[in-house]
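Some structures to go through are shown next.
In what follows, chain A forms one complex with chain B and a second complex with chain C.
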Partner chain A sequence: MNEAAADPRSLPMARSMCWHCQSEVKGEYLCGRCIKVQPLSTELDYFSCLNLPRKLNIDRDEIEATFYRLNRVFHPDFYAKGDDHNEKTISLGNSALVNTAYRTLRDPIQRAEYLIRLEAGSAKEIRTAPPADLFEEILELQDDLNAFRAGDPKEHSAEMTKLRQTLQAAQASLTNRLQQLDAQLFEAFEVWDALQEETSDEAEAVRVRKEHVLEEMQGILSNRTYVRNIVNDVVATIK
Partner chain B sequence: MAYSEKVIDHYNNPRNMGSFQKDEDGVGTGVVGAPECGDVMKLQIKVEDDKIVDAKFKTFGCGSAIASSSLATEWLKGKTVEEAGQIKNTEIVQELNLPPVKIHCSVLAEDAIKAALNDYAKKEEVKSSASS
Partner chain C sequence: MVRIVGIDLGTTNSLIAYMDGDHPHVIAGMHGQTKVPSIVGMTDNGVLVGDPAKEHLTRDPAKTIYSVKRFMGKSLNDVSEELTYFPYQLQEKNGVIRIEVGDRTFSPPQVSAMILKELKRRAEAHLGEEVSKAVITVPAYFNDSQRQATKDAGLIAGLEVLRIVNEPTAASLAYGLQKNTQGIIAVYDLGGGTFDVSILKLKDGIFEVLATNGNTHLGGDDFDRSLLEVMIRDIRERYQIEPAKHPDFMQAVRLEAERTKIRLSQEITALASVELPEGKGLYQRDWTRAEFETLVGAFVEQTLHPCRLALQDAELQASHIDEVVLVGGSTRIPLVRQQVEALFGKTPHCELNPDEVVALGAAVQAGILSGENRDMLLLDVTPLSLGIETMGGVMSTLIRRNTTIPASAKEMFTTYVDGQTSVDIHILQGERELIKDNRSLARFQLTVPPLPAGVPRVEVTFLIDANGILHVTAADVRTGQSQSVQVKPSHGLTDEEVEGMIRESFQFAAEDIQARQVIEARTEADAILMATEKALRQSTHLIQAEEKAEINKTLDDLRMVRERDDHRLIRNGISEVEKVTHHLAEVLMDVTLKEALENKKVSEVT
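Take a look at the complex of A and B:
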């Protein structure tokens, strides 16, 4: 018989004993004896849940296949007709976890945010230096936005035309900035993944380098939020 | 979710919006941001004889963030530097009736006050060490 960890059809479970027939379970989704669905461990992180290493480049087809496979086991609809209230509750809980894991890891930004939270405890613990230049730029643009909003959009005065041009230029340059930030982020993904594979004896050095990458990613993600916010505001204002 | 009347009032009629020259004598500037939501807040104080005689703000963010900073500038005026350092975000939450999801806006305002006070203190230190 396969060990629980090696079996692709098993995951860390909440209990080591079937809640229904009390026989031993080692991580099987369904009890080997009574075939009742077993609750997933509440401490299961999203990467483990979807059978993935804690890396940032992931194969979208693979994660989708895993998601569908797990959903075919845990989907509450399969347990809806039975009269076993426990099975309904358990499948609902498992299915909710699988869904959240999939939705989070499918998106690269959410995936990075989640990994940082996971690795650094709380993302808030990583304090990155506030981007002072960016703040100045945003606040200056805020003045232009206010002036544009105060004016009549149908008016084709020289002043309004100039404001519109300024905002359009800002939109283009900020969108460009967003793409640069994404490129930086994906570069950091590569560095992180390489460090995850690092097997040298210098564990301490690797740990320090990992922390550095997490910090860098946190900084990029913060700046990304600021830039995306102001871009959205500019777009909504001049549309 | 509906904003409280006080938030809407500050949002529609922001008090003390604008800015001072950063290098002006007695001016302390604090610029802070909330990386979670992308809001940016600039708060400035003008100090004369240890008393805050004027305050201005500029905020890019949601209604609650604007209201929090607007209220903060109102409260700052007339306070001593020491009194200003005691303003707590919870007081802003109470006054504006902020819901739990908007508490971080008041935290941002408190951070901005602290940053402005720090900046002022730093400038004063430079000034006194230059004159001594």
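Take a look at the complex of A and C:
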């Protein structure tokens, strides 16, 4: 985290000079001289934006308080009556960034996905992948789903009833699996946060371990998305 | 400080309010009424708005426009099902409805602007100063085109619209200000034409909308129509009259249906009665509340699903709601109250007048924008997901519904063919997967330099502002150069059209003033003609025949110019009459005086 973000009244800014009075801006979001609002840096990551360390366990009340505080500074309502077009545009951009940051970090899944992208660079996309041990089971489930869709849902034949029961059982088992995946993910959150606190001299070792945790979380998230999509599919089909 | 007013531009009624110190205040008209019926009557002598237009509705239904809000941001196809219910003719031009009145056509924003102008006049008369800035409310579930159309209406009326604010959130501001509430509240807003539900979190002056849902085509109008349909069938059977052949009669029945509905909120029974056409006497029908509830039950039921969806999106259960607030005239209906109470398990609040609460909230928001109120802040959401068309006619979502606004999303575009010089982008709003099931908002074209396929990279930023209105900007990633984007709205007026309508509205304003001056001059001419004729009859023996002839000649001249549409000519005629009757007035005065004295003497004697 850089120096500017440590102060709760300042954030990394897009420029080092006030766009209006040209005086120096060190990170305060309202110019010290003319009090004009300054544009936030386009490079600003969501954790820095909301004044948070790059950790995965977050205090929801705290993040909400920061979100409210920043909106009390940047919200376009506070710049509506003036004629300064620049100020309106800047407040709109800053406010949109703060809102996106809050929406992303408030949700644990989106937060983890964002952290992985942030740490590993944009190249790392999270793809959906079935859990390896469920591969056979999921293939069978797909066949059952297709069979159920092909049949008449109003028909109460023994075959349809049996299919419905099989699908309901699969739904329960997969929902259970989702909960397991979430538990694994939150364990990884703990490991990551502990590593962020790590101050040992073995920087290289810590880096390797962090990379390992990120990869593990990425795997969990891929499986999670896949399983969740299938559950949604089953729910929509047998509804 | 520049004054900003708050306006509730409703389907059936509109209101205007302002901040009077710390309190919002709705401005009443001459007879103390705060509601201006959202009805516009086109007459040969200018435009009538509000109560006078409502009277005009049964006299000249084809030239009286009501419920214009239902057409804002819509195409003809969107409203085809209910066309038969409107006495006026509709057309479409460039995806926008036009209302046909005589040989003129008006877009819905133009008609709304006439209502806004009437409200503006009302506020200016009350405040004694010019009003040029406003906050206007819209249903939370209004899409981008409907919001833009509302903003256009403001512009045409000569108002700078500083903020478009959602009706249920505005209502929550009025309640929050009054009660200093904290916690989770649900606002259930059932108006004349639209239904909205919003779930908000109130904490330390921040009003954060968690989720909103609704139906922009469900409201009191539908209830009226249910009653109307029954009565029309009834009349057709009982009297062999085809009501549709008598547009004025249809409107009379419609207004009686509305009055009956209102009475049934207070009483268990109500008698509807309307004068039949062709002198066939009086039509009467007894209504019971139970009968009414059976008729509209399905509509009320339809409001509950959006409530459940909003709770789901807010990740809450009904039991988490601390308070429920009712907004809109239709929430006076006992059945509506029962259903809302059953859904949320709480007795709903209705301390503030449900007709006025939205306008009051708009005034509170105006106070926030003017800087007078720095304690409260509204964080609203976009009601519908925003996306673009991708291969195979599927919508790819960029900004999800119930995202806090302002919100932005960036998307990178490139080319598929070598030397391709443009990329077409189609923007949509809606929750369905296929583009054909969603609302087309706009299209635009990016221009790219002719390069091998995949080389050009243009980053497009989609930004939804605090009004819920979309802005699009684009930048070439390689050169860093931004490019202007000419967005063509699918169901909206272009900037040029709006400008034209603003000019036209000035012309109408001039015509209106002209018309008013002619009417005033004619009234004065009639008064002087009548008085002079009477004086001549009384004084045949008091003046010479020559004088009488001269007076008669100027009276004839005045009668002639009275029929012309030029107030100056009429005024000239009036002063000519005044000049030649000077002597006559004096003579008459003497006589009157003498008579008065004589009377006095007589009375003294007796």
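The criterion applied here is as follows: the second predicted complex is superposed on the first by the 221 of 239 C-alpha atoms of A that agree within 3 Å, B and C clash if a C-alpha of one lies under 4 Å from a C-alpha of the other, contacts with A are read in each partner's own complex, and residues count from 1 in each chain.
Keep in mind that, in the parts below, a contact is a pair of C-beta atoms (placed from the backbone, for glycine too) under 8 Å apart; a residue touches a chain by one contact, two chains touch by 3 or more.
Keep in mind that this is a model prediction, so the values were computed, not measured.
Enquirer: Output check: A:77 vs chain B and chain C. Expected answer is one of first, second, both, neither. What do you get?
Expert: Second partner only.
Enquirer: Between chain B (first) and chain C (second), which does A:57 come into contact with in this model arrangement: first, second, both, or neither?
Expert: Neither partner.
Enquirer: In the superposed arrangement, does A:68 touch chain B (first), chain C (second), both or neither?
Expert: The answer is second: A:68 touches chain C but not chain B.
Enquirer: Could you say whether A:96 touches chain B, chain C, both of them, or neither, answering first, second, both or neither?
Expert: Only chain C is touched by A:96; chain B is not.
Enquirer: One more residue to check, A:180. First (chain B), second (chain C), both or neither?
Expert: neither
Enquirer: Considering only the touch criterion stated at the top, classify A:23 as touching first (chain B), second (chain C), both, or neither.
Expert: After superposing on A, A:23 lies clear of both chain B and chain C.
Enquirer: Give the list of chain A residues in touch with chain C in this complex.
Expert: 68, 71-72, 75-78, 80-81, 92-93, 95-97, 99-100, 102-103
Enquirer: Within their complex, state which residues of chain A touch chain B.
Expert: Interface residues on the chain A side: 128, 130-132, 135-136, 138-139, 141-143, 218, 221-222, 225-226, 228-230, 233.
Enquirer: What does chain C use to touch chain A in their complex?
Expert: Counting only chain C, the residues touching chain A are 2, 4, 133, 162-163, 203-204, 206, 208, 365, 368-371, 374, 377-379, 403-408, 463, 465-466.
Enquirer: What residues on chain B touch chain A, complex-wise?
Expert: Contacts found on chain B: 31-33, 35-40, 42, 58-61.
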